[in-house]
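Both complexes shown next keep subunit A, but they swap its partner, so subunit B is in the first and subunit C is in the second.
Let's turn to the complex of A and B:
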């Protein structure tokens, strides 16, 4: 409840404030809910009527400016959609280009099915191919910069001379920043901090990809139990992630683990309320325990059929389509 | 006139407050008192003309780590968000709490400085952010704890790494405790010989002791900074029985794993957790999997499973962020963990 006086509108003098209070309007909530026609009619009779009318107009325009502007369909379609490729042909084909900017993509899978590998590959690809900054929020100690360096080596391949390779590698690695958080409050504070920083310094940042590995390991300790704060915290995390994706046009990639489901099919953790948060949900599974081939299928996507699948292989130099032979590229 | 004022104040990095005798028209005042104050004293000052504004960080009350009673009081008084510039006196009065409690709440709200260029997140107070290049150099310089079996070291990438949680699981009698003890000895190899030269903490015992010890580990680490290895043997035993509420068990396990991860990262330790195995019935028959379920499997950075095959002990790495899945043979002898007696044919998996 915000008091009207805290809006610090110039026309809101003490006399006007007293008049508003006499009519029972103290907070913004009261102002919005009050019948303004009746209020202005009463204001006509009082000596401060001009001031009151001015205050009302100013307050209304202030509230209107707080809202998001409407966007027409034509404007939206001209805005275009940008994708961050993942460096693996089969996955990029499945996702029609890669991770879409402005959306939240979730990777769901049992343990050891390649979620962290995909996250690291996405970071390497974005840092080198798209020349942008990447933030990797690591909640389970899974970030390995050696592995990212190997993946970059795989992407750079035999394209450049050795010296160029080294400088390119160094500058790409410098663009990836890794933050370690271990509980949900720290995560919320950090995300809020990113949002505020991006709001403030719009022209300077080249952050285009935010990876959180994994969201479920910080939310599981608080979810459940007698009180519902855990659930509220989970929804708050979802809200701020969506805000970051939509307002700052970030591509956000998060990982989630699975829990036992009906029959033998594992289902994503974090329950039904979390289902609505990511825009795209991808399920990962291991083809068979002995192979290095993994399967990715679409669980939820607004613009694609949900029965599409693809396979990929995890090799020494990163992710590859499963039908290619892997070249032995060592760093 | 106000433009000149603005320019002057900006050049001197000062904030200014304009007191006016009437609020009607700023340009026709009779008395105008301009007070120049220094930047550091009035962080939260909001200029009427809006050219300089401290970033107001609004945090939802529900996202602050507050006790439920305080939170419900805040909600009842109408506070759904708090920013760092609210006055404690007003907060205490509105919510009917003590001044100390109000100060405590305001301290929880972070204040971010928007005067940074670019994204220097590593400079943001609590978050230790590093870029991948520095991490790579640190990783290459990191020493590892050897296991005294060359093949096993090979699959782990020359040994057990610090800043990571490694899980060792296996059937009873295959050598998990032996491996834990061997690591506790090998962490003490002096730095001159290529080891870590650190101390080890071996946690054994009942569940209440384990949880209590881990909770007090922060303070313990502050006093004993030479510790480089913590072995927990075993985490399964007390979690497997005596738990009717599975959701509570999952929460406790998740909290425990996050605490261990935080300890490993913040104090540069290796944490080794010993787990048991259980049978899982699948459509193909029964399969031996690590105990404690799916939620625990995400807790550890590396997972090693020990098993018997044809009279030979094998160790198989099946989860690692940087090493491929591989298997190694090893033996347990009077001297501890050793290389396998003869190079038998390696089984890919069990």
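Let's turn to the complex of A and C:
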């Protein structure tokens, strides 16, 4: 709650403030909730009518300037779309180029269906191929820098090249920042922190990818019961993620584990209200317990029709399309 | 005092409108604001109406909105070809941050090509006749001028949304100046986006009788701003989407597509096993009773409501969605599919 006078607008003279207060408008919230037409009609009869009118106009334009502006359709259509490749041909083809910048992509799957592997591969690929910084928010302690190094090796192709490009590899690894977060409050604080830094533009940040593995493990503990606070926290996380994606053009990759649903069919731990948060929802499953082939299918996607799927393999050096074998040199 | 009242009476007695202008105004208002494309084709929507499209996430709500936008921003005719648009500006409040510009551009392309397709068929050539006759540049220009009529604003909380609504009037005036016609379409996607956030505010106590952005006060303010807007712009049609929160959460997952092969097969059985199409349609509805969660102020503001469901596996390649009018109530259920080129009514047996 912010008091209107704290906005320090020049048109809010004591007389004007007194008039606002008499009508019950003291805070900014009061102001946006109030019927301003009625308010101005009342003001017509007062001696400070002109000043009040000016104050309303000034306050509105002040509040509007804090926000995103209206955007024309033509400008938006020329903005273009950028994708961050995942370094695996079959997955990139399914997603028409990888994870899209400015959107939230969610991986849903039971444990050991390759969620974290895809996250680490995305981090490695973005840091090396796209030369951008990556933030990896680790809520279950599953991040392994060694594994990411292996994946970077896989991207390079062979051991020989790895030796040549050791410095580049190190700098790519340095671009990946891992943050351990274990509860929803810490997550919210951290995300707000990133947003504020990016918004301030203090550093010419090259952050393009934000990964949260997994978002469900910090949110599901606060859900349940008859209280709506848990849902409010969950949607707050969703809102700040959407804000980061939309305003800072970040690609955001999050994971969501599954729980047993009806008839032992797995369902996403965060379902219902959370479903409106990600733009793309990808389901991962293990083809069969014996094979090393995994399946990825599109559950929800805003820009194309759904129900497409693909398969991939998780090898020593990262993700591979299921129809290719790993190079002998890597083994 | 007496003089003013006499003046007032005289003013009141004065002719305010001739029958001709009144008829023109009423008829204008009665014309459907946007081309009645499925699934909105059963009810004619005019200015001043408020349509709520309600359905679970992923049931094609946003797609219906995109289609409405295209109908609004496309011109009526272009170089002698009917495009069926209204050539009016449209404003879009993106509360969900799910708006996909590329999808809109793609659909716009498809729609224009579809409308011009008649020529192509007549000439019977592999190369579209219109592209030869008019050139790609003029087509690009058509798309660009249409897209200019579309305006988007993202809001991240109820406060943003209220400020945006309060400052909408001068913006609409600018649009009117620029395009020579008043905006015809206002879309809110989706109206319940801040439900949980606003609900939590209510439980946080507000001291000293100050107003807070609670669910009820926000929706009352939103409805008030919108109704005042409709007074100024009587031809404005308001469309809103609302994500349904299912009463029965276990049902929800089985509606999702492609989750696993077993899941899909099972649904195929229930789909194909049932008898007539009507009984099938009913079996989908079971357990999907939606719970109204928007406050009374919003519910009272809505004049039309369309319920959409889906996607359902049809056993074929395309997924089926269903649409049913809830307000005005109707028993008829339309089925449609969403392909890359947009919404089509599903025909034939499924």
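As a working rule, the second predicted complex is superposed on the first by the 279 of 331 C-alpha atoms of A that agree within 3 Å, B and C clash if a C-alpha of one lies under 4 Å from a C-alpha of the other, contacts with A are read in each partner's own complex, and residues count from 1 in each chain.
Just so we're on the same page, a contact is a pair of C-beta atoms (placed from the backbone, for glycine too) under 8 Å apart; a residue touches a chain by one contact, two chains touch by 3 or more.
Bear in mind the structure is a predicted one, so any value in this text is a computation, not a measurement.
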item	value
First, second, both or neither for A:290, with subunit B first and subunit C second	first
Which superposed partner A:192 touches (first subunit B, second subunit C, both, neither)	first
First, second, both or neither for A:214, with subunit B first and subunit C second	first
Partner chain(s) touched by A:32 [first = subunit B, second = subunit C, both, neither]	second
First (subunit B), second (subunit C), both or neither touched by A:77	second
Touched partner set for A:41, first subunit B, second subunit C, both or neither	neither
First (subunit B), second (subunit C), both or neither touched by A:144	first
First, second, both or neither for A:316, with subunit B first and subunit C second	first
Which of subunit B and subunit C A:232 touches, first, second, both or neither	both
Set of subunit A residues, in rising order, touched by both subunit B and subunit C	1, 27, 229, 232, 236
Of all residues in subunit C, those that touch subunit A in their complex	56-58, 62, 73, 91, 96-98, 100-105, 144, 146-157, 159-160, 162-164, 166-167, 171, 190, 193-194, 196-197, 199-200, 203, 206, 210-213, 217-218, 221, 224, 228, 243, 245-246, 249-250, 252-254, 256-260, 262-263, 311, 318-319, 338-340
Subunit A - residues contacting subunit C, complex	1, 24, 26-30, 32-33, 35-37, 60-61, 63-64, 67-74, 76-77, 79, 81, 228-229, 231-232, 234-236, 239, 242-243, 245-246, 261-262, 265, 267-268, 271-273, 275-276, 279, 283, 285, 297-300, 302-309
Residues of subunit B defined as touching subunit A within the complex	23, 46, 48, 55, 57, 59-60, 62-65, 68, 71, 78-79, 110, 112, 114, 116-119, 121-122, 124, 126-133, 135-136, 139-140, 163-165, 247-248, 250-251, 254-255, 257-259, 261-262, 264-265, 282-283, 293-295, 297-299, 301, 303, 318-319, 321-322, 324-325, 348-349
Residues of subunit A defined as touching subunit B within the complex	1, 8, 10, 13, 27, 110-112, 116-117, 120, 123, 133, 135-136, 139-150, 170, 173-183, 185-186, 188-190, 192-194, 196-197, 200-201, 204-205, 207, 214, 216-218, 220-225, 227, 229, 232-233, 236, 257-260, 264, 266, 269, 289-290, 292, 316
